[in-house]
Structure formats: structure tokens, C-alpha cells
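Some structures to go through are shown next.
Below, subunit A partners subunit B and then partners subunit C, in two separate complexes.
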Partner chain A sequence: MEWDWNVVASVTPSLLNGLIVTVQATIVGAVLAYVLGLVIAILKMSGNKAVAFITYWSSEFIRRTPLLVQLYFLFYVLPDFGIFLSPFVAGVIGLGLHFSTYTSEVYRAGIENVPKGQWEAARSLNYSAYHTWRFVILPQAIPPMFPPLANYLITMFKETPLLSAITVVELFNAANIYSNSHYKYLEPMTLVGLFFLLVSIPAAMIALKIENKYKPLN
Partner chain B sequence: MKIKINGPVAKLGLGLIALSAAFAASADTLDDLRKKGYATVAVANEPPYSDIKADGYVTGAAPDVARAVMAKLGVPEIDAKVIMYGAMIPALQARRVDMATSGLYIKPKRCESIIYSEPDLCGAEAFAVAVGNPLNIMTYEDIAANPDATMTTCAGCAEEAYALERGVQPSQIKVFTDPPSGIKMLQQGRVNVFALSGLGTQDLLRKTNDPNLELVMPVTGVPMGCAGAAFNANDTAFRDAYDAALKELKDSGEFAKIIEPYGFSAAATLAVKRDDFCPGN
Partner chain C sequence: MKNIIEFKDVSKYFGSLKVLDGLNLEVGAGEKLALIGPSGSGKTTILRILMTLETIESGLITVEGKPLWHEKVNETLVPASEAHLQKMRQIIGMVFQQFNLFPHLTALSNIEQPQILVRKVTKEEAREKAANLMDLVGLEDKKDHYPHQLSGGQQQRVAIARALAMDPKIMLFDEVTSALDPELVDEVLSVLKKIATTTDTTMLTVTHEMNFAREFADRILFFDKGQIVEQGLPEGIFTNPKEPRTRGFLKKYITGLT
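Right after this comes the complex of A and B.
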């Protein structure tokens, strides 16, 4: 098996297009995961028992089933119920929804880790609910959330090849389509790995910086 | 630490390794298969070309022909692996399978990488479209002429090449992961045209039994697709033995008895030779 630079030259343009789709899917999926995760975390802590119960079990259901199955469901089954999503939209929703159940746990842990004494202190100082959250709880709860949230972003990035199963032509699928008609796997798949590293290594370094910056003092 | 190789025992060991490697390289693939008792074949699960029953038994026209030929060659059984069309050639090159028997069309570009038996199955091409054929798609040129039209087929398939050669833009082609998913995409309106072999498309439509779909067959302007069993490029001896046994099968009339129940025309297949597609392959 020999490395062929001509293959590299002919496959790279379509891989770069695929990389753009991969990054887009990751970013949109992550925004969705962060926002939806917060909603889930809040609903889970809701005083209304029924709301908390339903949210808890729905999120457990999504978290304990494979993303690939969810993607197939969104893409192939939902249209039978009249909900028609394009491959990219279905992929981003699948990715965002799946990871929102993880990020919601990050939010929950962050808030629960604020010592009880802080709540009691706020109450004894007669702070309103707004002031308690805004000036006491959230400033202590949010910084520890950054490192795990950044790590989930990188994990989502690496999960995007699953979107190829629902015909999204992201980085991996672009390489696969090329390989299928040119019978070359060495160069395209090596390049896929390289392109993933090209994005994920700097991202991991940034995540590490964030982690060091927001390290708890004790 | 340096590894030293000396002493008579070590030398003998090295010699044996070299010797056995030389044997493995020169040994005939067919002999190995006879010893093993079965051949591993790649199939695509595209009835009627190849079909895997619920209990795992592989059938369909191409594997049935291969089974009969291999039986003549002293290999009593075949073991099938489902591999997408696009991945069959790399699988043959990497020797993950001994042969591909799934209606892999004989195409000049493929012949650069692998070798084929004489043709064993020939058929026309077909499209599946929405009933009434709203975009009036009869040929690949019709798809090329309508930039809004989209089609689905398998990655690396002959149909993908037909489309691209006739001016269909890559953005118009959405490759499916397996043929039934492709039909699902057509039913849901994700694509306007489903393109595949005639008999394969016909079989899928019969099974889907959706009154909203219809068959366009034959698609004109493309050659009849002829498939053969495919082999690793180094297995010429195996391929030649396969050809001889296949010829016996064809001459005895047994060949027609195998493929015609699946809807293939034996006459059409007997009328063509491998050299018509890939001279000197």
C-alpha cells in the first residue's frame, strides 16, 4: 500500500467542505445542547412534581439510548408523523438533544455543589430570590461548569460522523463517498483523522486553559 | 537493547518463517478454499442479485451461481459477508473476502483493481419515481437537465457513475446507506428519483407495495449492466478455474435453471463476454 499524493490532492477539496459541515453541526448542536440542557436542569428542579418527573424520565430515556438510533428515528420515522426534517437539521437536533441531557447534569451538579450555608446566609440577609441567584449562587455555580461543558463540545465534535448515517455529507461521509468510488481508503481516512486532530487538539488546549482558569480554589 | 540473531536454532527459526511466508504467498487460493471447505464471499443484500434470508442463509442469483460453480471446484459451501458495493473492491484487495458475488457490474475502472469471471448476470437499469412521474424523468440526461431534481443511489455504484458521466451534479445525488432506506427517502420526498438495477428496483417496489411509487424501466441511454464474480487481482489461477467451471454450468443448461427463476435472462448473459467490457482483464 503506497501513499499517493494525487489522491490527497483530489480528495482534499471535498474533505474541506465536509469539515465545514462538521464544524457547523458541532457549533449549532452545542448551542442547542447548552440551552436545552439548562431548560432540562431547571424543569428537573421544578416544584411541580409532575413536571420534574416527566422531565427526569424523558431525559433519562434520551441519555440511555444510542444517538445513532435517535438519528434514524428523527430522519426516517418522524416524516411518517408529518414532521419532515432535512438531514442537517435532523442531525443537529439529534446531536443537541442527546447532549443536552448530559449538559443538564453539569448544570445540576454545578448548582447543587454550592454549599447549603450560602443559601442560608442569603436567606438570613433577607436577599430576594433574584438577588440570591444573581449574586450568591450563580457566581459560584457557573465557573466550575465551564470545563465539563467545553469537554462535551469536543465530544460532540467527535460524534459528528454518526450524522453520515442520515446522509449528512460531513467530513467522514465526504471521505467515505470518495473511497467508495475510488477504492482508496488510506489517504482519505488518514486525512479525516488529521482534520479532526487539527480542530480537536487546539480545542482541547483551550478547554485545558478554561479548566485551569476556573479551578476551584480549595 | 539490540536483538541479536545468531546461533543455529535462531537461524533455523528465521529460515522456517521465511519459507512458510514464501509458501503462503505462492499457494493457490483455490487449494486453500478446498482445504477450508468454504469460500467467504461479499454480497450486497440486493435481491434478486443477492438475498440474505432471515436465518442467515445467503441466496439470490449471484451467490447461487457461485455456489454451483464452487461445488464443481470442490468447495462445498459459501459464507457470505454483507459489504456495500463501494467497499467490495477494497475488501477483495485486503483479502477480507475470497470473492465478491453480488452483481458487481464489470466496469473498466473496477477492472484496474480487480479481476472478473465471465459475466454471470445481465440486466437493464431502472428508476423508481413518484406515481405519474411528475418530473417526467426517463433518463439520466433528464435529471441533469433539471437542476432541482435529486436522486439517490448507492455510493460507488454503477448508477452513480452513469449519473455523473451524463452531467448530473454531485449535489443532486444523495447516496443511501442501503436500498430500502433509499426507497424510504423517495417515499418521503427527500429525493425525486431512486436509481438502481432494473430487477433490484422492481423487487424493492414489489416488497414496498406503495401505490404512490412507480417503476421506470428500462432507463435508456445507459448500457445493460453485466456482472461477474470478482476476485483479487493476484488470483488469476482461481479466476480461470472458476471461468472453466462456469462455462460447464452454462453449457449444461444448469445456469439458466439457476438464474431464470430470479427474472434474469440467460440468453442476454450468454450473448456477452468479459472482453466486451474489460478487454484483457
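Right after this comes the complex of A and C.
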């Protein structure tokens, strides 16, 4: 097996296109995961027992089943019900929905980790519910959420090749398509690994910076 | 002396555990009380009920003549609404064993913020009062320190200043020196004594510091199993307790008592 630079030259443009799709899917999926996660966290803490119960079990169900199955469901099963999604849209919804069940736990833990004494201090100083959340609880709960949220972003990035299963031409699929038609696997797949590394190493370093910056006080 | 606090036959349960058992208590305006007694006897619960952090199951508590946990609707007493509790809380402040300062705010901001948010005073007014209170508790040089940059004793003094800033007529202190290293206890207790001698604030202090209680308090209450077993002037309680349970408890703290 010889390393062939001609293959590198001819596959790189389509890989770069794939990388752009991968980054787009990660970012849109992550935004969805962050927002949906917040909704789930709020619904789970809802005073309405039925709402909290349904949210809890739906999110457990999504979290305990493989993302790949969910993607298949969104792309191949929903059309049976008259819902047609483009591969990219189905992909980011799948990613966002799946990871929202993780981010919701980050939000919940962030809030629950604020000591009970902080709520009691606010109450004894006669803070309103709004003031308690706005000036006491959230300022302490939010900073520790950043590191795990950043780490989920990196995890989502690495999970994007699953989107190839529903025909999204992201980085891995771009290589795969080239490989299958040219019977060249070494260079395209090596490059895929390299591209993932090129993005995820700096991202991990940024995440580490975030982690150090938002280390809890005390 | 007019009573500022009255407990009438107050009972409190945690599940099936009876923590306060038909408690009756009257506190005069400006009085300084020390609550002593074995762990688990309900001392903290009394303060927490007054601070509206715990509810009561039966009986009536009045503060400044108004029911604390109830309000009158059409001449009948119903459980208090949050709005009523908010009104009552203006009268009362509390200092906790674990300080409970806001860790994301400087010492000065800890004292300023509640004034601005709750008492709606101007920033300047809040800042000036906060600075004066930092002087009062001997921390004029620590204004811009965050809680984690302060010793336990210093944090507790900031917490006392924060409670004072709200001008409560009643101050509750729950074992405010129990979490401190022994060498830091005196600096906090001397602040309490200063407040006791320079203000007419009504003070209820749960403490295991018997020398302090003796100096500080107008009246000592000895609790056991959710009831007041014995109460009276410090002199009487500490030198000649009448109840065997009081005597048994105090023997651990006071040498020479037999």
C-alpha cells in the first residue's frame, strides 16, 4: 500500500465541503441541544406532576436509545406519517434532540448544586422569587455549566459521521463516497481523521480554558 | 415591656417527629435571649420558623402583634400568603451557622445588594451604609474581598453586617460561631455584644458558648425535646439551675457545677 498524493489532491476539495457540512450540523445541532435542553430542564422541574413525569420519561427514552436509530426514525419513518425532512434537517434535529437530554442534566445539576443555604439567605433577606433567581441562583449556577456544555459540543462534533446513515454528505460521508467509487481508502480516511483532529484538538484546548476559567469558587 | 414575639401552643412536626411540643414563649421588645440545650432539641427550628423558613402545624405565632404564619381574611385566620410573609420578613433578619454569603459578590456588594433590591434605597445610600457596617464589624479594609478570600470569622462578620443593613427589629443568630476555628470565635462574639449594647434590636441567639450567653443575654432559655425546660436570668441558670436536665447539660460546660 503506497501513500498517493494524487488521491489527496483529488479528494481534498470534497472533504472540505464535507467538513463545512459537519461544522454546520454541529453548530445548529448544538444550539438546538442547548435550547431544547433548557426547555426539558424547566419542564422536568415543573410543579405540574404530569408534565414533569412525561418529560422525564421521554427524555430518558431518547437518552437510552441510540442516536442512529433516532436518525433513521426521523428520516425513514416520519415520511410514512407524511412528514418529510431533508437529510440535513433530520440530522440536526436528531443530534439536537438526542443531546438536549444531556444538556438538560447539565442545567439541572448546575441549579441543584447551588447550596440550599443560598436560597435560605435570599429568603431571609426578603428577596422576591425573581430576584433570587436573577441575582443569587443563576449567577452561581451558570458558570459551572459552561465546561460540560462545551464538552458536549465536541462530542456532538465527533458523532456527526452518524448523519452519513441518512445520506448527509458530511466529512466522513464525503470520504466514503470517494473511496467507494475510486477503491481508495487509505488517503481519504486518514484525511478524515486528520480533519477531525485539526478541529477537535483546538476545541478541546478552548474547552480546557473554559473549564479553568469557570472553576467554582471556594 | 411590650412583647414583640409570642408563641402560643406551637407544635412543629417533621413527618412523624414532633420537634416542637406545644411551645409557649414571649419575648419583650429589645430583649436579648440565649437559647441553649442539647443538639436536636429544636432550637434551630424555632429560629427557622421565625425566619419563615419552616412552617408550623398548630398554634399561633405573633410578631409585633400580627400573626406570622397566618393572616386574617374575613375575621378568620388562614395560612399566610407569600405577600403576607414578605411583609413580616421585613421585621426579621437571620445569621446562619454556615454564613451563606453570596460567593459571587464582594463583601461590600453582599451588604449593598439586598438594600437596593429589597429596601429600594439608592446605590449611594446602600454603599454608604454598607461601608459603615463594614467599619462596625471591623472589616473596613476588606470591602472588595470575595467571601472565599476571607476567614470564617470575617465571613461571619460580613453576614452579620448584611443582616443589619436591612434594619430588622428582630435578629436571629443560629450558632454563628460553631463553624469557626476556636481562635476566630471571639471576634464574632464581640460584634454580637456590640450590637446588643448599642442597639435596641431584639436578639435571639442559639449558642454553645456559655460564657458569652451569660454576658450577652437578659434571659436564658434551656431547651430539651422541643420544650422549654427552664428559663431565667443568666445568674440563676448558670450558678443554680433548678431542673436536673439543665444541670446535667450545663455540667459539660461549666466547671464547678455539680
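Points worth noting:
By definition in this document, the second predicted complex is superposed on the first by the 218 of 218 C-alpha atoms of A that agree within 3 Å, B and C clash if a C-alpha of one lies under 4 Å from a C-alpha of the other, contacts with A are read in each partner's own complex, and residues count from 1 in each chain.
Everything below uses one rule, namely that a residue touches a chain if its C-beta (ideal position, glycine included) is under 8 Å from a C-beta of that chain, and two chains touch if they have at least 3 such contacts.
Nothing here was measured: the structure is a model prediction, and the numbers come from that model.
Per the definitions stated earlier, placing subunit B and subunit C onto a shared subunit A by superposition produces no clash, and the two fit side by side. Of the two partner chains, subunit B is the only one that A:P79 touches; subunit C does not reach it.
Look at A:V136: by the touch rule set out above, it reaches subunit C but stays clear of subunit B. Of the two partner chains, subunit B is the only one that A:Y183 touches; subunit C does not reach it. In the superposition on chain A, contact is made by A:S124 with subunit C only, not with subunit B.
In the superposition on chain A, A:A165 contacts subunit B only, with no contact to subunit C.
When the two structures are aligned on the shared chain, A:N6 is found in touch with neither subunit B nor subunit C. Using the contact criterion defined above for the overlaid structures, shared-chain residue A:N212 touches neither subunit B nor subunit C, since it reaches no partner.
The wider contact with subunit A, measured as residues touched, comes from C rather than the other of subunit B and subunit C. Seen from the CA centre of subunit A, subunit B and subunit C lie at an angle of 160° in the overlaid model, rounded to the nearest 10.
Closest C-alpha contact of subunit B with subunit C, superposed model: 53 Å.
Comparing which residues of subunit A touch subunit B with which touch subunit C, the overlap is empty.
Partner subunit C is touched in their complex by these residues of subunit A: 115, 117-118, 120-121, 123-128, 131, 135-136, 139-140, 217-218.
By the touch rule above, subunit C contacts subunit A in their complex via residues 51-53, 86, 89-90, 92-94, 96, 98, 100-104, 113-114, 117-118, 146-148, 162-163, 166. Residues 84-87, 89-90, 93, 113, 155-156, 160-161, 174-177, 181, 184-185, 188-190 of subunit B are the ones that touch subunit A when the two sit in their complex.
Considering their complex, residues 76, 79, 84, 87, 165, 167, 176-177, 179-181, 183, 185 of subunit A touch subunit B.
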